[in-house]
Amino acid sequence: MFWLLSGHSMVKVLVDVDCGVDDASAIMMALADPEVQLLGITCVNGNTSVENVCRNTLRVLKACRRPEIPVFRGASRPILGNVLMAEAFHGKDGLGDVPDPDAPGLELIQKEGAVEAMIRIANEHAGEVSLVATAPLTNLALAVRLDPTFPKKLKGLYIMGGTTEARGNTTMCAEFNFAADPEAAYIVLNDFPCPTYIASWEFTCMNILSWDFYDQWLDQDSEKARFMKQIFQYSRDVSQRQLGEAGFAFCDAFAMAAAIDKSFVTECEEVPVTVELAGTYTRGMMVIDRMSYLKKEHKAFILQKVDMEKFKTLFMKALE
Amino acid sequence: MFWLLSGHSMVKVLVDVDCGVDDASAIMMALADPEVQLLGITCVNGNTSVENVCRNTLRVLKACRRPEIPVFRGASRPILGNVLMAEAFHGKDGLGDVPDPDAPGLELIQKEGAVEAMIRIANEHAGEVSLVATAPLTNLALAVRLDPTFPKKLKGLYIMGGTTEARGNTTMCAEFNFAADPEAAYIVLNDFPCPTYIASWEFTCMNILSWDFYDQWLDQDSEKARFMKQIFQYSRDVSQRQLGEAGFAFCDAFAMAAAIDKSFVTECEEVPVTVELAGTYTRGMMVIDRMSYLKKEHKAFILQKVDMEKFKTLFMKALE
Amino acid sequence: MFWLLSGHSMVKVLVDVDCGVDDASAIMMALADPEVQLLGITCVNGNTSVENVCRNTLRVLKACRRPEIPVFRGASRPILGNVLMAEAFHGKDGLGDVPDPDAPGLELIQKEGAVEAMIRIANEHAGEVSLVATAPLTNLALAVRLDPTFPKKLKGLYIMGGTTEARGNTTMCAEFNFAADPEAAYIVLNDFPCPTYIASWEFTCMNILSWDFYDQWLDQDSEKARFMKQIFQYSRDVSQRQLGEAGFAFCDAFAMAAAIDKSFVTECEEVPVTVELAGTYTRGMMVIDRMSYLKKEHKAFILQKVDMEKFKTLFMKALE
Amino acid sequence: MFWLLSGHSMVKVLVDVDCGVDDASAIMMALADPEVQLLGITCVNGNTSVENVCRNTLRVLKACRRPEIPVFRGASRPILGNVLMAEAFHGKDGLGDVPDPDAPGLELIQKEGAVEAMIRIANEHAGEVSLVATAPLTNLALAVRLDPTFPKKLKGLYIMGGTTEARGNTTMCAEFNFAADPEAAYIVLNDFPCPTYIASWEFTCMNILSWDFYDQWLDQDSEKARFMKQIFQYSRDVSQRQLGEAGFAFCDAFAMAAAIDKSFVTECEEVPVTVELAGTYTRGMMVIDRMSYLKKEHKAFILQKVDMEKFKTLFMKALE
């Protein structure tokens, strides 16, 4: 195949997930792209327990017939240890509560821990790894504390998380991934000097796709589409029937799309960011320093506009 | 005049200011409206010291030839006592540093204090007073602590202040009036059960007027226009030349316009609000409770859309 | 009487109370001392609602046959409005739940508010008033915000409240009067430049008197002793039977004793103090700045050692 | 030797240090005790940079002729990344600024990281390891997040750190090791279910030894004593001449003594503890929950009284 010859253009991706139906869509997008080399998937507590996240990730790989991708177990609790739950949206098992009797077992999880694996993989592919983080940032934060040189070896960091206008989805002002581990988000936004792209909650809300599109997406004749249809049903019901929302955004897929297709992102705000840790109402809120109040040199790229046609194409391919 | 006969439609207004060129515009808008009865002006530390605020207010009344309006001195420090300064924008005297050798003296300030006057006036006109607050909310907060029945006697409260999208103008996330006394803002947003209208910083930024409009405004042939031209020059220079802004908003005038013309506001978000007091980066930020997290019954009206043609008309008349 | 001739040595005292059986003891101690001129009693929300505090204060004055002492109603809520309750210790009415059918009515409360009265009295006796504060410091904080010159006119301030070793009695680290209004305590400790004496919770715990002493105290043959015996029974039961404590301290009486007898206090730590407002566990804790970290000039006198024999004498006389 | 035969009574110790002259004394105390098996020394940023800590630890081992003890490099920054400095007391190199031209090089540091080594050693000696922590608790906190089962495998944890009466030595209320990484201290006090002994700052202040004792200690005729005399001179000068203190406490040695001799500690307060993270003045303060406010099951043992004669004996032997 042509893409094998043009190895220099391959995108090496490491994904950190709390899988999660939207994490599943991101993983499947990566696996469907011939120019993406998925180096591994690290799991972390978030939408559900890290054990569930490991199980769910193995199921996604099974549905994609890619069992060779290594999966690593990471942190079971956020930095400070106070665990948030997201069952209401993702189901008790974090993947729509449609158990697979033939699901792969946890014995398939790598013996090496997620944080150690992250550090090793970044060393083995120094300067080449795009780290896509679609979960609470606990593993990433632990990695930089264990090895301060870790983030410098990343080519780029693509985060789904944070709020840009204080419109929280978990607390009044904070988005789930940041609210679930504010200290980790703070550490990553302050101690990762690599190029950092952020798909915020408000950004994803501005880019929902219609239910009609989802019908089309899920009605593809493939094992992957049937799998996604099953695991998405629960969240779809919550969104469509209970909340009456006009459409839906697979938030995590935006971070992945940004990582695997440079031309997907058409406009960014480049600005220093950090996280509020101490607020009564604002703990976990992403804070944007447009006034250079913090004297930080590093600026993040906050996604403003993207090419939604490219997104739809990548998205459709994910289930082909 | 007709309006004297139809006294029932008169709007009784009390203004709390840290005067300030934008406060001046709000006062002048009120004075220019024949249907407005300005019951008094209470002064508070904010843009400049409360002594300067008193002096500036007397100068505005002199320029409008309305020396009979009573002016009251209020709090010289915010609730917790840590004073912010705003000289960079308003000049050292808070009114553009164009001293008037014949300025009225502080002996014209009422003997009664601002907080006591607020409470008395609300009692004398129970249910009829529209309180327009264009400054840090210290006086209002002290009033409700001295007399818990005070806010129930107001017809409505019109506040210029707060952020709705965490886009601060004083700290990263907080607007000046809220940042200058976060505890006062918290008290007012939580303990004033009267109808409360908020012209936020983001709202005013969405409704700037062009420099051309300001030329037209200031070129009116009147003593008021000449006065305003003088005191506005300093802030105009900062905005236009240093910051290179495309236009300008007299923030405080929006709160006044909302108070004196019901039809001015065409769309509001009705939602509970409070203020973050404890954050490292977010202290003083207005917090919007769209998720009913706080279980508050009282909802504020956050201005979303206004009739800018009406605003321009009121604004032009202010200097006629 | 001789003391009438030596008026120059009279101690002019104003008491701010949340009366409270220990406030009652402090008031009675003041009333029993011929060298004390009690200028008035200001009431504030604390141990019980400010209405109850007013009623309880009138009952104490009735029991002492001193109905001429003016009583003023003050703040019904702390600065930020979050009310703590202390019924468990003081009874539902704050005075041991032994209602008096002939209790004086609230019509005896002065029309003038407590904060206004404080300011007026300090003006009328500038430099002469010893303010004894045995309650949350809300009234005092409001007074300095209404009139920044108020605290400079005090001769001295005597506070019962605060912790010196983070041994709280209401939260893990905070004493009741400070925990009930941390912002007020912060304001008073930071904005009252007058000599300030503090009887902390740990101090009072080091100076408990035995139950035998209380028997002797209450068995005096007087109306006052019979009144105190009644109102103290509830708290005594809680202390003695439920908590099994070896003795008891009428905390508020220490602050009063310090105000009325200079020789009572034999050792103080002179050190800057402030209050933690933002802590998760430490909000309301008094913070002692032994390292001059805050660069404050004003130092408080924290009571270390007192003459307990003098205290017992003053205490016995209170019920004679 | 007899103790080889009675292996069952051996105390297996792992030490986490920010070496530091007091850490040096603790290490030397352990090495001097024939019943102690020192499994390794993990280093962490604290009194000085982690590189200096590694170098200093190697020098201590050289002075004790015990180069076989493995030394591991740990975290170079606290959890949130804001580094405190302690040069004023420990010298620029953290060990009194008396460089050794023949000091061992960092190539002697183990390749394995400190956190990984801690976890491995606890696994290899499950239930047997006494972990003595005389530094900021960063390594321990990272270990429990990487492996939640780690603390359950410890026999006991012996911490030098924290305040019990809010008498800070680094901030107004916080002791250095806790102030240097409050989040780590919080994590360790909340997520280590093993028996936990705490030698607080106040405790060590109550147990200083006289300068005469130190003369006697350092005048022993041994290489170790001469080494200690050199590295202690700087801190001794600061304490004795600048601060004029009556004596001195090698704080870290108390934690070690408690670990290696059960009979050393004669009285403890057994009580739940945690750490304030959010306070303005109290961040990093140890919080003691005597009121069971936190509903925690785990209680720490806070050292109250110790056998100082035993301490002196252990201490003298450390330099023999």
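So that you can tell them apart, the chains are marked A, B, C and D in the order they are listed, and the count of residues begins at 1 in each.
Basically, contacts are C-beta pairs under 8 Å (C-beta built on N, C-alpha and C of every residue); 3 or more make two chains touch, one makes a residue touch a chain.
This one's a predicted model, so the numbers in the text were calculated from it and none came from an experiment.
Of all chains, the one whose Cα centroid sits at the greatest distance from that of subunit A is C. In summary, the pair subunit A and subunit D forms a contact in which both copies contribute largely the same residue numbers, shared numbers making up over half of all those used.
The geometric centre of subunit B is 58 Å away from that of subunit D, both derived from CA atoms. Our note on geometry: subunit A versus subunit D, Cα centroid distance of 40 Å, whole angstroms. With centres defined as mean CA coordinates, subunit D is found 45 Å away from subunit C. Contacts with at least two other chains are made by residues 277-278 of subunit D. If each chain is drawn as a node and touching chains are joined, the picture is one closed loop, every chain linked to exactly two others. Interface note: chains touch in the pairs A-B, A-D, B-C, C-D.
Considering their complex, residues 163-168, 171-173, 274, 276-283, 285, 287-291, 293-294 of subunit C touch subunit D. Taken in their complex, subunit B has these residues touching subunit C: 75-77, 79-81, 113, 115-116, 138, 142, 145-148, 183, 186-187, 190-191, 277-278.
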